[in-house]
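Next, two complexes with chain A in common: one pairs it with chain B, the other with chain C.
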Partner chain A sequence: MSLVARLCERHSVYLIPSINNLTVVRSVTKARIPNTATSKTDKGKHYGFRILELIPKPPEKQQRIVKKIQALPPRMNQMAVDQDWTSVWPGQRTFHPATVPLPVRQGYPKKNEAPPSKYGNAELMKIPNFLHLTPPTIKRHCEALKKFCTKWPEELDTDTSYDKHFPLEVIYSNYCYSGPSIREPMARIVSFRVKLSNLTLDQHAKDKILRLVGERYDPESDLLTIVADRCPIRKQNYEYAEYLLTALYHESWRKEEWENEKTLADMEYYDWDLEQSRKNLVTVYAWPEIPQDYDYENIPNATEYKIAVSDLVNNGEDDFSVNKYKEAVKKIMFWKPDGDKPNEK
Partner chain B sequence: MAVSQRNFIKLLKLTNLRQSSTAAQAMPVHEDIHQSFRTREDNPEYHGMQHINRIYTIPNNDLKMITCQGLITMYMKQFKTFAEASILVRKPAVEIISYLNQADYSKPVNKYVLYGEDGTGKTSTMLHTLHYAYTKGQIIVHVPWIRSWFDGPKETANSITKTNKIDLPFHAAAWLRNFKTQNQHILNKADIKLSATHEWSATENSAKDSSLMDMIDFGISRIKFASNVIIKLMSELKQASTSGKCKVLVAIDGYNALFSQQTNIFNDNKQMVPASQVSLTEAFLDITKSDWCNGQVIVTVDKMATKENAESHFPRYLLTNEGFDHLDPFLPISVENYTEDEFNTVIEYYKNRKWIRNLSSDGQKELQLLSGGNPYKLMEYCKHL
Partner chain C sequence: MNVISNLSRVAQSLEQMVLNRCIHTTSITNRVQSGRYRVTLKKNRPLTYEMAYQPCHIAHKKSWNSWNTSNIDGGNRVMETTIEDMFIRRFMTGTWHALFVSEIIIKRHHNMVRIAGIILRNLDPRKIYFLTGYSEELLSYYLHCPVKIELQTVEKREDVVYKYI
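Now for the complex of A and B:
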């Protein structure tokens, strides 16, 4: 009896109050079910005997059931012919086959086949499209922006007048992204463009500014370009470019003491009045006397010769300039007074 | 066998077999038929536009005199091969001769610069003008190729009178000797006296009013002083011609070599000296100044005249700034490739000289295209035909 009581104490869950002792004992044996747990984690759930499996069966693999998503029919099927396309495609967006009601095809065709259609076509998605910039859309943009605009000044009708009133041209770029970051490092770069003829410079200052700016000056268009990109922010770069232009201007007007040491070899162009050529001409004409001053006013055709020599040296030698020089020299050379001017014929 | 062959050749050299054999002998051919490509006017003074594109022949005696200073081997070879010295009368030569005829000889010298691409005939044009000067009885100051002095001088010596200057005694003496041969007949006739006493050393000098020929002879015999003699000779010539005793034609080929920075001449420290430090340069720079009259100066500028790589054939580039300042004002005269008429004349001439045979009209066209009308190239291509 005491044994039964002790058992009852241990398995209180199964203890069913009864009058009959024997009934109590029988109910204990019925409660046991075989322990079929295979894994260790399931141990606590089963209490019965463990079944000996000499070759354990592998656990059954559960087939993953792919749930089919119900796709809506393509939107283009429901589009009206006179619909408002701007509201369908309002902004920049990657190509979408169901939204674009056009039978476009793109890609390398297989043999005897047409190019791939628009569905699932990566080629079409890769390329940028301008479906958000159709002419009616742009027209509507402009209409919307018009109320913020002011009237164009009448005085600025031509490019030349524009150059006259606004000699300084500031160039920078804004970048627009649909991505998560709106920052673009290229946006900081500021270029100043100004025509050199718009700056007030004398001969010395012009020479000096050209030497200072070096290749930033384009002699063909007469434009001086300063690009500032060393600061992180556009405003800083703008101010730096402003500073550079100001400093350049004032520095070129300043004449240092050592600049007086400039010799003919340092000249940026051939100045006939300073060169040996002028002395030669005057000396030849004064021969056999030695000239007192290099005054060429009285020499006939000297001006033409001067221009020809300057052109020959400044513009470089070619058949044209050498011939021009030849004609000029022919006129200043010494020919028999009675004979007319020599010619090739 | 070899020995006998050598003996045979020796025999050939010793005895002029040609004269005793029946082999063909070079004989002056009397061509009675008038050849349309030739002109019989052999006095360059009268050459004008009517003679252009024709070939004229320099008489043999004249050729000997005008090439005393030597000429490029190529020319001499061709003259020998053709058994006559024939030159095509071309536009630049006629142009220059017309200038020489019209120049005012009482005023400072006019200077002419011949320029053009390699092998276009600058030297031929100069030869033509030399012949002109010879027929007019002018003193010829001719330097055939300045670069030959600077490229590999036989001997160099430090100048006695000037520090940092280099003399080229052999070349100077040779030039003096050739100058004497070339102009002896005129110098003797003109009887030029020295205007001042020139001291060569403590014991040797050329006294005032002594003959110019004596000074030249002194330079030839005492080659140590030859360079200095040339320098003095130039100034004496200038003075003599200014005073009207003679007329002088200066003809210098490859003139831009005088302004070259690179030579093959080295000083005592084994350093290369520029052309300006050679004493002969001084002499020929002096004669090309415009401070004398009764003369004319003709020079050529050549891409090949200096060691430096030349990119352009134009005169100012080749002369450099220094040379331009020295020579300016000068009259540039372009020497260009053959025109079609000139080309045809030359081909005719080559055919006549049996230099080329069996040339079809297609072949002639091919030659013209291959050479591009360049005289030198044409000559090269015709060598094998």
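Now for the complex of A and C:
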């Protein structure tokens, strides 16, 4: 079929000049430029035949042009010698070599070499610096803060005066952490410290308060310490400690009915005035008469004896207290009123 | 009798098995590889100061990359800080792609997070300013703290090389 069609076509072409005799048919063959395009983008420009390349050339590599970023010279080169350093480095900041005009070096040196210089030195950037806290800066801070300060009270010149004017000491801690939270469970703890001698207490009240506080009292420093940590917030603990101290004070002053039943065996310390020793001394001194009352005021050296015996029993036996006791006994036993004859007893 | 002898044999084999399981006859390999780099044949592997010293030299010849109070004894937010630091490191290396030539140093002062490091000068200064602001803004949004990025630039990678092994 196609062959027939083509034949017809050819005939028709040949028929055209015969119909129109004036037409001159001329065919011109144009020489085309060979297709030398190597890259894909150039292909559209050339339509000629392709050149056979038995060994094709590798495509030309385009050199990537790296734009050179021009950096300014270090800032320290332009710094004046008498510049104001505080305005250069006003706050805390990581070390920057171009800003700090000091030839600092940091790092463990290699053999026969200097430590690494400040440029490109990560070690210098790690460590905390105090370039924002130079002495002139601190002086300036103090000057700025001075107008907010009040005069120090003259009465508080020594440590003992603090105890006198502020007998109660409140201790609590604030914690600084690196993190977005300011909460710290340890910050809730509040301690009250007061000297027992600063509280108005009689003998009974002092005895009772010591029994109530137990080991919270330190006899060496005479300090009573109350630690409150059971509430979750510091203010609550503070108020609780206040309450405890108040309750302790008033409770120690109160005398209950059953407290009168305290016997000699319940005494927490040796009280010579209540003990048998006093009765013995007075009885022996008054012998053969029977003493009317146990008054030892007129017995010579009795006070010394009393102190010696109390110390011996209360503080325990040691060489010093035993010797003291011995001297006291000797003085009582062999006391001479006029220096000529010994006392009978 | 048979049963008893069988039982005793079973017990013996069990004991043997247990003993075999417990005792190792091979030597122990205390192999530690992290933070250590192999020496190359041509001695051309570049190491920064940080890489040149092993982790055992921390606090002797080099210092920590994270400075915070969580690492001290009794510090709080240990887990949160560690995870946040990991996140910051990933964020920074990804955002400042192929720019950091040092480790990323994270310092925490109270509420403030300071991120320091050394970058290359390959980038246009305008882009560096943009990335700084972008990272600070996003990180402070994520971490709920103010973040400051304090960078130092070097011209080429060789400026931070301490030695070649």
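Note that the second predicted complex is superposed on the first by the 183 of 345 C-alpha atoms of A that agree within 3 Å, B and C clash if a C-alpha of one lies under 4 Å from a C-alpha of the other, contacts with A are read in each partner's own complex, and residues count from 1 in each chain.
Methods note: a contact is a pair of C-beta atoms (placed from the backbone, for glycine too) under 8 Å apart; a residue touches a chain by one contact, two chains touch by 3 or more.
All of these numbers come straight from a predicted model, not from anything done at the bench.
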Partner chain(s) touched by A:Thr94 [first = chain B, second = chain C, both, neither]: second
Which superposed partner A:Tyr269 touches (first chain B, second chain C, both, neither): neither
Which of chain B and chain C A:Tyr177 touches, first, second, both or neither: second
Partner chain(s) touched by A:Tyr119 [first = chain B, second = chain C, both, neither]: second
Partner chain in contact with A:Met333 - chain B first, chain C second, else both or neither: first
First (chain B), second (chain C), both or neither touched by A:Val284: first
Chain B versus chain C as contact partner of A:Tyr108, first or second or both or neither: second
Contacting residues of chain B [partner chain A, same complex]: 49, 91, 94-95, 98-99, 102-104, 107-108, 110, 242, 290-291, 293, 312, 314-317, 324-325, 328-334
Residues of chain A touching chain B in the complex: 275-277, 280-281, 283-284, 287-288, 305, 309, 312-313, 317-319, 322, 325-326, 329-330, 332-337, 339, 342, 344-345
Complex contacts: residues of chain C adjacent to chain A: 48-50, 53, 57, 61-65, 67-70, 75-77, 80-81, 101-103, 105, 107-111, 114, 116-118, 121-125, 143-145, 150, 152-155, 159-160, 162-163
For the chain A and chain C complex, residues of the former touching the latter: 66-67, 69, 71, 92-94, 96-97, 107-108, 110, 116, 119-123, 125-128, 176-181, 184
